[in-house]
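In what follows, chain A forms one complex with chain B and a second complex with chain C.
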Partner chain A sequence: MSFLNKVYQAVFRRTSTFALAVVTGAFFFERGFDQGAEALFRYVNRGKLYEDVKHQFGGAGEEEEE
Partner chain B sequence: MAAIIGRTSRQALLVTKSGTFSPKANFVSFKGKNGKKWVVAMVGAATVGAVGVGAALATPVLAEGVELHPPKYPWSHNGLLSALDAASVRRGYQVYKQVCAACHSMEYLCYRNLVGSIMTEEEAKKDAEEVMVEDGPDEEGNMFKRPGKLSDKFPAPYANEEAARFANGGSLPPDLSYIVPARHGGEDYVFALLTGYCEAPGGIALRDGLYYNPYFPGGAIGMAPALYNEVIEYEDGTPATASQCAKDVCIFLRWASEPEHDIRKQMGLKAVMIFSFMLAISYYLKRHKWSVLKSRKIAFKK
Partner chain C sequence: MISLPKSPLLYAVTQTVANLAKPVGQAVVTQTEKIVVAPQRLVQTSYAMSKLTPTGADRVSVSLCSPAQVRFAHTDVQVPDFSAYRRDGTKDSRASSAPTAAKRQAFTYMFVGGGTMAGAYAAKTVVGEFVSSLSASADVLAMAKIEIKLADIPEGKNMTFKWRGKPLFVRHRTAEEISTEQAVDISQLRHAETDAERVKDPEWLVLLGICTHLGCVPLANAGDYGGYYCPCHGSHYDASGRIRKGPAPLNMEIPEYEFPEEGLLIVG
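Presenting the complex of A and B:
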């Protein structure tokens, strides 16, 4: 509780720092959320996306069945 | 049905009437009386029923012709979160370029669309340079030919519709840019069409230059069978059977009509994630704020 209290005293009590916390929080949340969601999508579709199959083309050799 | 609901709900209303106005002080309650609940349930059931009937009536009844309907194939991009198979798209592009492009244009696709989705920039540039594009006018006012650039559209096989019809015995090979969403059945139909050629059954006479395809409305199609085993050689070594080529070209055509396909599904995933998170938060907040209202007591005194 005292930790939350400290956070409250330091950040959320004043409007200026509260607003700043919202902005920086939004920035980091957005970054993390986007990267997480994209990683999940790549995991669900692993082996099908262009990044995964790039090496099969162009270069001679390396053949892969789907 | 409406009559039954009307009667039962009227009964329910009658039941609730008695004993509603007692002089005793009551605690304010947000819960409905049993009868009222029942009415709500009945109205809900009626609404669901009405929506069901409406949906059934809105479904078109398609005229049954002699043509076959394509089966549903388990495409690897069928799922809500399933991306297109990029290797297959790339093979399908090869099929299009080496087979279909002889007759079909794809006028809404540029070489730059290939970059990053199925090939590198260098590969796309090399492909573009293989075709000669008319450009101009130069400083003397003449049109000239130059090798293609990334910003160029795919070349059209015929100068105009008349030339296309003339070369194909009167049938026009449609532009393939949006063919998949433009046909009932989408890629199922195109796949079935490409692999479905067969002998015309007895009693059906085909005009010269027409072929029998049970999936094509009317059965007589102006396109000769385009795919057969080993029609091309895949650069990644996949055995080029007719059905493999058809599958790949269908996935390529789906991609061509919807290059944003993968991004769209990814955005869908993000939307579902963020909205369910926000739904949970708003539910919690609602309970939080209402807990005061729900637990208060109002007493009426004389």
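Presenting the complex of A and C:
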């Protein structure tokens, strides 16, 4: 109760702090969402990814650059 | 006497109120006719409602011995119970809801803020996709050149760059690799090319990292000949990019390139 009260008084009450909270929250939301989606993809495709079969081709030291 | 339409919208209580006239004689209790209110019927359609709604003029006649006044009471009209829709802080109608207002507002704003957050992320993704679709078109990319600082590539290492949408391998060959490749007997090769035909500077091997079999990207520093190995169907290339073993028919392709100055490579 008092926690929600404090949050409301500190963040939600003013539009400026509310917008700031949304923007910073979106930053972390993006990270979490992307990493979660990636983890789900890796879980669904486990055993089929290149990382999983890489060892079959020996120590191929390769560096990437764009 | 009172005549009431048979309507569930009108309720009457049979409460008599003494009129102001003083009794002439001794009060005599008389039996009055009881007001009969029709039992409430369930109204579900507008047609049923229109049949039940009182229309025209209602008449009330008053006599000395009949009730002088009929009060239409609304206290027994049931207020619908909305408690299933109310939040905890507003369920008690006798308690003030002000002290818990911040809690309810914080809850609501949390959902609004969360939705806005997800919306901002979605909008950012859409804009990003749109802007990236405005990048250089295929005809521009086809003319692209790439400039590579050779000092960044240590000896014995193979680096992969993206050039015209394809992987470009730049290999800094060791002296051992150079001598090995130059000593290869060309007559034994499937696609006969000397090492000197394939490199401008023996130290640097520049080639398109696309297997000539079915177009996979070979792995560097792997395979039986210490050059490249295609994991798709097992083609082995040597450190000059020549096919030595496996299904691929040709050596890996060498693009146009030049060394305009010391330590700089321009491909394209």
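One rule holds in what follows: the second predicted complex is superposed on the first by the 57 of 66 C-alpha atoms of A that agree within 3 Å, B and C clash if a C-alpha of one lies under 4 Å from a C-alpha of the other, contacts with A are read in each partner's own complex, and residues count from 1 in each chain.
Assume contacts are C-beta pairs under 8 Å (C-beta built on N, C-alpha and C of every residue); 3 or more make two chains touch, one makes a residue touch a chain.
Please read all numbers here as calculations on a predicted model, not as lab measurements.
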Could you tell me if A:Val23 is touching chain B, chain C, both of them or neither one (first, second, both, neither)? second
Which of the two partners, first being chain B and second being chain C, lies in contact with A:Gln9: first, second, both, or neither? second
By the touch definition at the top of the document, which applies to A:Lys48: first (chain B), second (chain C), both, or neither? first
Using the touch definition from the top, say if A:Phe33 reaches chain B (first), chain C (second), both or neither. both
Max touched-residue count on chain A (chain B vs chain C) belongs to chain C
Footprint overlap on chain A, comparing chain B with chain C: 33, 53, 56-58, 63-66
Chain A residues touching chain C - in the complex, by the definition given at the top: 1, 4-5, 7-9, 12, 18, 21-23, 25-26, 29-30, 33, 53, 56-66
Could you pull out which chain B residues touch chain A in their complex? 76, 81-88, 90, 116-120, 123, 235-238, 262, 265-266, 269-270, 273-274
Chain A contact footprint on chain C (complex, rising order): 100, 102-103, 105-107, 109-110, 113-114, 116-118, 120-121, 124, 157-162, 219-222, 229, 231
Show me the residue ranges of chain A that touch chain B in the complex, using the header's touch definition. 33-34, 37-38, 40-41, 44-45, 48-50, 52-54, 56-58, 63-66
